[in-house]
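In what follows, chain A forms one complex with chain B and a second complex with chain C.
And now, the complex of A and B:
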């Protein structure tokens, strides 16, 4: 799966989970930029991504993601 | 890394003489290393950090990043708020019948001048009627009852449940440094953490709290209906957790008098003196609190820190001012300060010293906390996961109670 494919699927999950427009979700977008992306929503989002991609993200980095790009990179690394 | 799910029998409510029917569930995230550096209890307050997804992620984060067994315990009344995802069962919301009648009266007044057609047979009919009147908001009072018909004990049983869970995890053979047991909590969770340190002075190596109160918040134990406001369309529920205590009838065991309050006081000088005498290695305290906290008094928090420090404890209190709000670690000066538990732990854990020592169960510690009418006795037994707890009346108080009973 390419980086672009991962971004596309992660964007859709973010849009579905947070109820935002998919156009709002870009690589530089952070939790501050998207309404409703608080720590609880972040947790649900991570678990949903793990479920959809059938992977387990590294525990020590779960709270250290600054923006969508970081999340996509982490998923891409774990998906290899 | 693996998740372990266990449960242990709950111990009775020794103050009220109530046998509890539900077991105490435990979820532990165990790091992959041969021996973990210790164990951390994540103790949620009454808010969102009880969310199942958040708790799961937090356990994984702390286990991986800090090489600690990260544990959530469904201690007594742990879960007293409706949340979208809950690990340990759901809270029920029971609406006070009188408040439904009051709201119906307001509905009639609000609709004076309009033809009224009231066809209501049940309380649910009234609620449907109120919900249909979308141009007005109606306030109702509701009780939140935790799973298993639990009630608000305010901390004592929850603290003992966590200590029993620790003993059980040790007995299952989990490999971790048992001298490095930490308690992490915000608000009510931090308060329970302090009670654990009070009841297990040799067991808890450190308490890390944000906005933890130091004593019982009495408005939370008298059906004040101010604990939580839950809106459902135009209906607003003012909620209170179902109570085990009452304030009006002093002769009864469920009267929340000075004894009940003092055993729940995490900064009571006389009890701290007992802990100090009993502790071979004293608990370390890392606390952060807003100077504008409207739920948990910053004055009492300062007094707690002063008391701990003057008694030789390694206690640090950071008082947060509006200028400290950075939008990342500290997001506001309100209660809780918007501090995420992972960030709170990352902030303070590097300042905690690991010190070898035996825990209270190994030491068979026996603690007696005197109160005006009774004494609270906690006995650790190396052969039991539970701390034996009792609170007999002093003999003169017992006689006074007998006279009171005979007098009717």
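And now, the complex of A and C:
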């Protein structure tokens, strides 16, 4: 799966889970840019991503994500 | 042992005499297991005393005297616990404060801390080297001594300090933006009354095992899952709230692993667990005899959803308990009975709003609301409902929930006006609205503009103050409100603000500035920000934002848009 495929699927999950427009989800978008992206929503997103990609993301790295690009990079890395 | 010589000298019953009793009688007994990054550290009573002793010695070396206020500022981990008891052993009055949230702007955080330090006259802060550096760069010359684990003396001797039951044991700081926090003063006798009466209400014995993810700077985590276990000799497993929020089912891992029997969490925690469980996840939860729902309104649908999601793993309806608690009464005022599902009443909404009466109804043609019982008062406390004039109201009449009895706090440290406003003639006036029926308490709302978000209290006016400098918002024309969202099991934070901006890019920028301002000052993330045209918000004749009318207007707007 290419980086672009991962981004496309991750942004769809973010849009579905948070109810935002998919156009709002870009690589530089952070949790502060999207309504309702708090720590509880973040946990639900991670679970959904793990389910869709059938992987487990490393817990300690989940606190270090600054934006969607970081999340996509982490998923790409774990998906290899 | 010299280590515990002091407690024999005092025959007075205090939290410390009870804890040091465990140290002498069952030194190897497990007090707590603290889990950080998946690694559990087991702490026995003797290890607790030995590891707290250097903090006590450091306090004495720094000239800290009996009654001096000491702030405890650590992340989740063993040092948080050792430093707290070290300060107590030295005779100081410790208070646990929340470390800065990663999303909070450090300048705002430390400015709030400075206000608390100055108000309570804190003589020392026990903290990490990392936070010490931040503290010294943001608050140079603040004059409060700093104690970190690196510079502790080597000793296992606990100082000989004479305590009395009426001495203040600790301050419990309320949540909210740091500048407006109130330090609730709790004496040893109030603490012990609460611990004994609450343990009796829940039939707690030393065969119980508690698991908790709650932060210790919050009264539910601090009393129910930390001081009650250590005083009663009930082993507790403490998970990191930071780690729990991202992997909530770690709570189930530890229920299963430790064959736990008790836990506490706010309503949203139950919903978060349901939301974050995969269909093929399995745990044995049959050892759990009590899941206590407390600190925000208990919702019948959340409780039902939790039971149906986990009934196959051993969760029964009778294990879902409710509690009504606040720091001003140390913790619990009422508790539902173990083993029995608390009652839910369906009441007539019109009778509640128009007549102030909770009238049970079976009618299906009129609007109704479901209210969850919070159980009956715990031993020794009195709970009643009062009207605005302080008259006691009969069963089923809605009024303010008031509490008296030996668990009551002395008031707020260094804040006599705030104390007198709510502690009157031996009663604590909670600001919560509710009713009594056959001795059971039902909570229906709030008298003031307090918002309860994920179990923590925030005043709307306090959040609105965070937005004072946001460009593009018409000054004074904004409102923070909350609205219950079943999908998160808690109230969502909603910001309404008027603007003259109509350009979409400009509107987007203002929304982001609103979010950033709230996050920077409080660490809270607004769920929704709505920008409205000028003069949308209604004001009262005295020029204040009319909260109830605006909430109604917003609700109608939302319904119309659906």
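Everything below uses one rule, namely that the second predicted complex is superposed on the first by the 80 of 80 C-alpha atoms of A that agree within 3 Å, B and C clash if a C-alpha of one lies under 4 Å from a C-alpha of the other, contacts with A are read in each partner's own complex, and residues count from 1 in each chain.
We adopt the following convention: a residue touches a chain if its C-beta (ideal position, glycine included) is under 8 Å from a C-beta of that chain, and two chains touch if they have at least 3 such contacts.
Since the model is a prediction, treat every value here as computed from it, not as a measurement.
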(request) Please work out whether A:39 is in contact with chain B alone, chain C alone, both, or neither, and reply first, second, both or neither. (result) both
(message) As a test of reading the superposition: which chain, chain B or chain C, is in touch with more residues of chain A?
(response) C
(request) Have a look at where A:47 lands relative to chain B and chain C in the superposition and call it first, second, both or neither. (result) both
(message) Quick check on the superposed pair: does A:31 touch chain B, chain C, both, or neither? Answer first, second, both or neither.
(response) second
(message) Tell me the contact category for A:58 with respect to chain B and chain C: first, second, both or neither.
(response) first
(request) Check chain A for residues that touch chain B in one structure and chain C in the other, and list them. (result) 39-40, 42-44, 46-47, 59-60, 62-63
(request) Provide the residue numbers of chain A that touch chain C in the complex, in ascending order. (result) 31-33, 35-40, 42-44, 46-47, 51, 59-60, 62-63
(message) If we count contacts the way the header does, which residues on chain C are in touch with chain A in the complex?
(response) 37-38, 102-103, 242-243, 245-248, 268, 272, 275-276, 278, 454, 488, 492, 511-512, 515-516, 519, 524-529
(message) Which stretch or stretches of chain B touch chain A in the complex?
(response) 1, 29, 48, 51, 53-54, 56-58, 60-61, 63-65, 85, 340, 342-343
(message) So in the complex, the part of chain A that touches chain B is made up of which residues?
(response) 39-40, 42-44, 46-47, 58-60, 62-63
